[in-house]
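One structure follows; several queries about it will come next.
Chain IDs A, B, C and D follow the sequence of writing; residue 1 opens each chain.
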Amino acid sequence: MAKLRFFADIVMNREIAMDIFHMKLYCPMAAKLAIPGQFLHMRCSDTLSPLLRRPISIANADERDGTLDIIYRVVGEGTRLLSAKKTGESIDIMGPLGNGYPIDQKVNRIAIIGGGIGTCPLMFLAKKLATKNSKSGNLVKHSVFLGFKTAKQSFGIEFFQSLGYDVHISTDDGSLGFKGFPTDLIQDYIFDVIYACGPKPLLAIMQAYAVRHNIMSFVSLEERMACGIGACLGCAVKMKSDGYKKVCKDGPVFELSKVIF
Amino acid sequence: MAKLRFFADIVMNREIAMDIFHMKLYCPMAAKLAIPGQFLHMRCSDTLSPLLRRPISIANADERDGTLDIIYRVVGEGTRLLSAKKTGESIDIMGPLGNGYPIDQKVNRIAIIGGGIGTCPLMFLAKKLATKNSKSGNLVKHSVFLGFKTAKQSFGIEFFQSLGYDVHISTDDGSLGFKGFPTDLIQDYIFDVIYACGPKPLLAIMQAYAVRHNIMSFVSLEERMACGIGACLGCAVKMKSDGYKKVCKDGPVFELSKVIF
Amino acid sequence: MNNDRISCKQNTHKTDLSLEIAGIAMKNPVMVASGTFGFGREYSEFIDINNLGAIVTKGLTFLPKEGNPPPRTYETPGGMLNSVGLENPGVENFIKKEMPYLNSLSIPVIVNIDGDTVNEYYKIAKRLDNVKNISALEINISCPNVKQGGMAFGQDPQNAYEVVKAVKEGTNLPIIVKLSPNVTKVEKIAEAAVSAGADAISLINTLLGMAIDIYEKKPVFYRTFAGLSGPAVKPVALRMVWQVYDAVDVPIIGMGGIFTWQDAIEFILAGASAVAVGTANFVEPQAPEKIVAGIEHYLKEQFEENIRLNDIIGLAHKANID
Amino acid sequence: MNNDRISCKQNTHKTDLSLEIAGIAMKNPVMVASGTFGFGREYSEFIDINNLGAIVTKGLTFLPKEGNPPPRTYETPGGMLNSVGLENPGVENFIKKEMPYLNSLSIPVIVNIDGDTVNEYYKIAKRLDNVKNISALEINISCPNVKQGGMAFGQDPQNAYEVVKAVKEGTNLPIIVKLSPNVTKVEKIAEAAVSAGADAISLINTLLGMAIDIYEKKPVFYRTFAGLSGPAVKPVALRMVWQVYDAVDVPIIGMGGIFTWQDAIEFILAGASAVAVGTANFVEPQAPEKIVAGIEHYLKEQFEENIRLNDIIGLAHKANID
């Protein structure tokens, strides 16, 4: 019985864009188990403030060197404390948790679309898809659409490019790439499968798009969590049928067409 | 109107004995105002845990270089967080607070007696008394009696010696100096004034001793504090007459004979 | 107060943590609180559930319940608010889908039940009466997150009396009544529950609280109010355990903000025969296991040999009398 | 609900924080809570007291009161327990020794009063009636830390009614009634207080809690129970302000765990016309000043020009109805 709870060593923790931090953790067991779309449930402090753990997507995992990467934006107390942690400290994590993106589809044209911090799980996904494609000799170019508030808050672009993806960038203020939203860019293309993560308005537009073009789509959702493992029923998200699902256990990845926004 | 609240820079913070830390703060205004027996009311965390400030005696103050020293034992959450602070961080303090030891007595034979962490305010006191004596040309040797649990937890001994005091040491386990309590050592001597700080049993014995020999004595007391400035009436200590006094405002230094233990 | 609320099975170990509450034999006094541990399965990836004293399930209603719209949780200083709204599969699905796993455990299973009406409580109790491997029912008369029933039953002695009476009629299982802290005199509700036949009292359920989103300018929760739990509520929970211990003679299961073994000992000294860990599970899944070890250590360190847990229940009341 | 609980003096500034509660003209809605600010003098070394909306004194009894034995305070997760026991110099010493300093302030002075009996409340009110520069009396019917009176008056509508009635007979000053949160239905007590003539309601006083020293094996406090305050209680306090706002038509002074301006805004949106800062003063003496600045900033950022504080009081109730 695997105990999915670890004290991971912080190998690196640095700011990679405005308020965006990249933390590398040494945790061989979790690195081995992780699949794209899963998350870590992290204790940000060893005091009672903040009390609850914080869910953060796995942005990369390297089974060989036993490390996991996360990328997070400082938005409140928990992430502020995370950002103050130093190399060499250890951190209490539960995970990998959640279901992850299904990547076994035999498809040609894949679109990955992310907004802001929603980019994080997509990085790990992109890497796995690239590995799978190079193995299977599938050389079709896949597209990535990323949206950021502003150039200063952008990250990950070179990562996707280095994997061979065709990367399209937009920013709200036009300081980098197209001025607008990534959903504006994707409207010109057609795909067999879409993987998405980002703010709700972006996902709602993608849902309409995917339904219109009848494209199989998977989305990673966010909801406030307490336990992170399906025990408290705290992270409910309403589905078109079947009532509420738990983001932490049934998700965070869902079929986009089934979600009610 | 002086605002007794500062964000002081941590110049140094290191373990000087088992679980005992020495922190040096740069805070010129507080260093200038401080007198022996006063304390700082320190915020140990910038989160809500722990919530309240922690009172810590001023163990030294150097007006010329603008620094204050504190020495503290790690006993709980607040002091644990203090001990984790790094040079260069700043810390939120209120102070100097409280009344301080009266040192204007024209006396010849002074005894300083402290137990454990109670030694801290006595260090600053000893320095002030030494300066005063060297100024006034008073060359009488004063005595210091210090008790510690064990040698590993002892500190400050050289400090008192370097100031020219006659230092008597005891430890509970006999690992340094006399095996027993500092109150055992003092029984052989007679003094004009006694300054004490330490655990209640020590102070109670000293009270009996001082009353028996009719020696003017001052003691610094501890009590749980909320505000630290006399506003909440939380730090009450019962006096033989006059009801309750506030340790933070009326004290922490009181005439030993008046206290009910 | 009496010492025979629980009878301890003496064994050869020096510290014996085993006890019997309302006929439920437990190997230690540490349970998990309803609604914080699902139906057990999820936490099996993090702790060995058979190390617990007992497991208490998520609250069950007669029919399945969908629960409240999100958000359902919200962090507060030292605590959290929840408005799950008793999402649960209903009693039949529970028996079919959850009991098989619970049957595989070697520890007592306590089923938490909830109803909109006195009759619903009766019906669930009756339905569960002949289900194997259920050790006791915990009647939740204190859920703040539902439209009807719930807490209203726990805020009035007469209502509490009626619910307990009805459940007693429906089942021969031992009955634990779970009290709401949102009352003027919790001991009055406890007395009513005991007079209706409660075999044990558990407390506290969540304190009624709320939060407002200052940018949306509206309550965070759909039902406006939600239940406050976690370390923040511990002082209140402890006080209520103390008051109920002074008022009734059945065993008490204490909960509310228990995080460490020191917290658990406070509850035991205040009069709790057993304790339940709730919110702490979310933060520290090993909290219950650590608490068992801590209690054992405390007993060994603070008392002479052959001390039984029994001997220290409510001990702080005696100090008080002196 | 009505918008005319408070009448705002419009001035030329874009955001006007001034208000009038029960006839007390305040330049902003941020007060300090009774018992956390002494008689004002102490904090003058840390903030400019004249920047506050009003000052509320430590609770006064008719005769001097010695208070409880130590310890009187104890830290809890996100909060603290206190058992000061209303140590105070009594009404005569207050007038002689504390009023001269309070007279020197330019802000309203509200005197918190407490009694063992209805008659004691009456006597204090009468004695203070003709003292100059007192803007209002806050009747504390909710102190948990005394042997007699105190909270007992605040846990029963009839008792509350009688105390308020008596105070009204003793004085022409505006009357604020301070409620206890340790009740089943706080709105019932509020209604009783208003029907007896309360000009405003303040809440919450401390939640009744306790702590146990597990090594001494006895309660930490001499009186066993003590009062819980600080951020831990905020969700409960906010909920009660919301309930009382729905029940009565007099202005509400909200308090309980307010630390930041965001907390204060939550209370205002829930229905508080003014807020009081208590425990936070101990940790962050500048909390009240920062809250004033934060409220001003929020109004400017979130609303159109010329918004008045008045316009946002209870605003979250409207969102709720939609």
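Just so it is clear, contacts are C-beta pairs under 8 Å (C-beta built on N, C-alpha and C of every residue); 3 or more make two chains touch, one makes a residue touch a chain.
Given the structure is predicted, the values throughout are model-derived calculations rather than measurements.
For subunit D, the chain whose average C-alpha position is most distant is A.
Rounded to whole angstrom, the centroid-to-centroid distance between subunit A and subunit D, based on C-alpha atoms, equals 47 Å. In whole angstrom, the spacing between the mean C-alpha positions of subunit A and subunit B is 54.
Between subunit B and subunit D, the centres computed from C-alpha atoms are 37 Å apart.
Residue positions of subunit B with contacts to 2 or more other chains are 48-50.
Those residues of subunit C in touch with two or more other chains are numbered 77-79, 230-231, 259. Arrangement of the chains shown, judged by which pairs touch: all-to-all, with no pair of chains left without contact. Against subunit A, the residues of subunit B that register as touching in their complex are 45, 47-50, 77, 81.
Remark: subunit B residues 48-49 touch subunit C in the complex.
By the touch rule above, subunit A contacts subunit C in their complex via residues 1-5, 43, 48-53, 94, 223-238, 243-244, 249.
Residues 77-78 of subunit C are the ones touching subunit B in the complex. Interface of subunit D with subunit C (complex): residues 76-79, 81, 155, 182-184, 207-212, 214-219, 224-226, 228, 230-236, 238-239, 242, 257, 259, 262, 265-266, 269-270, 298, 302, 312, 315-316, 319-320.
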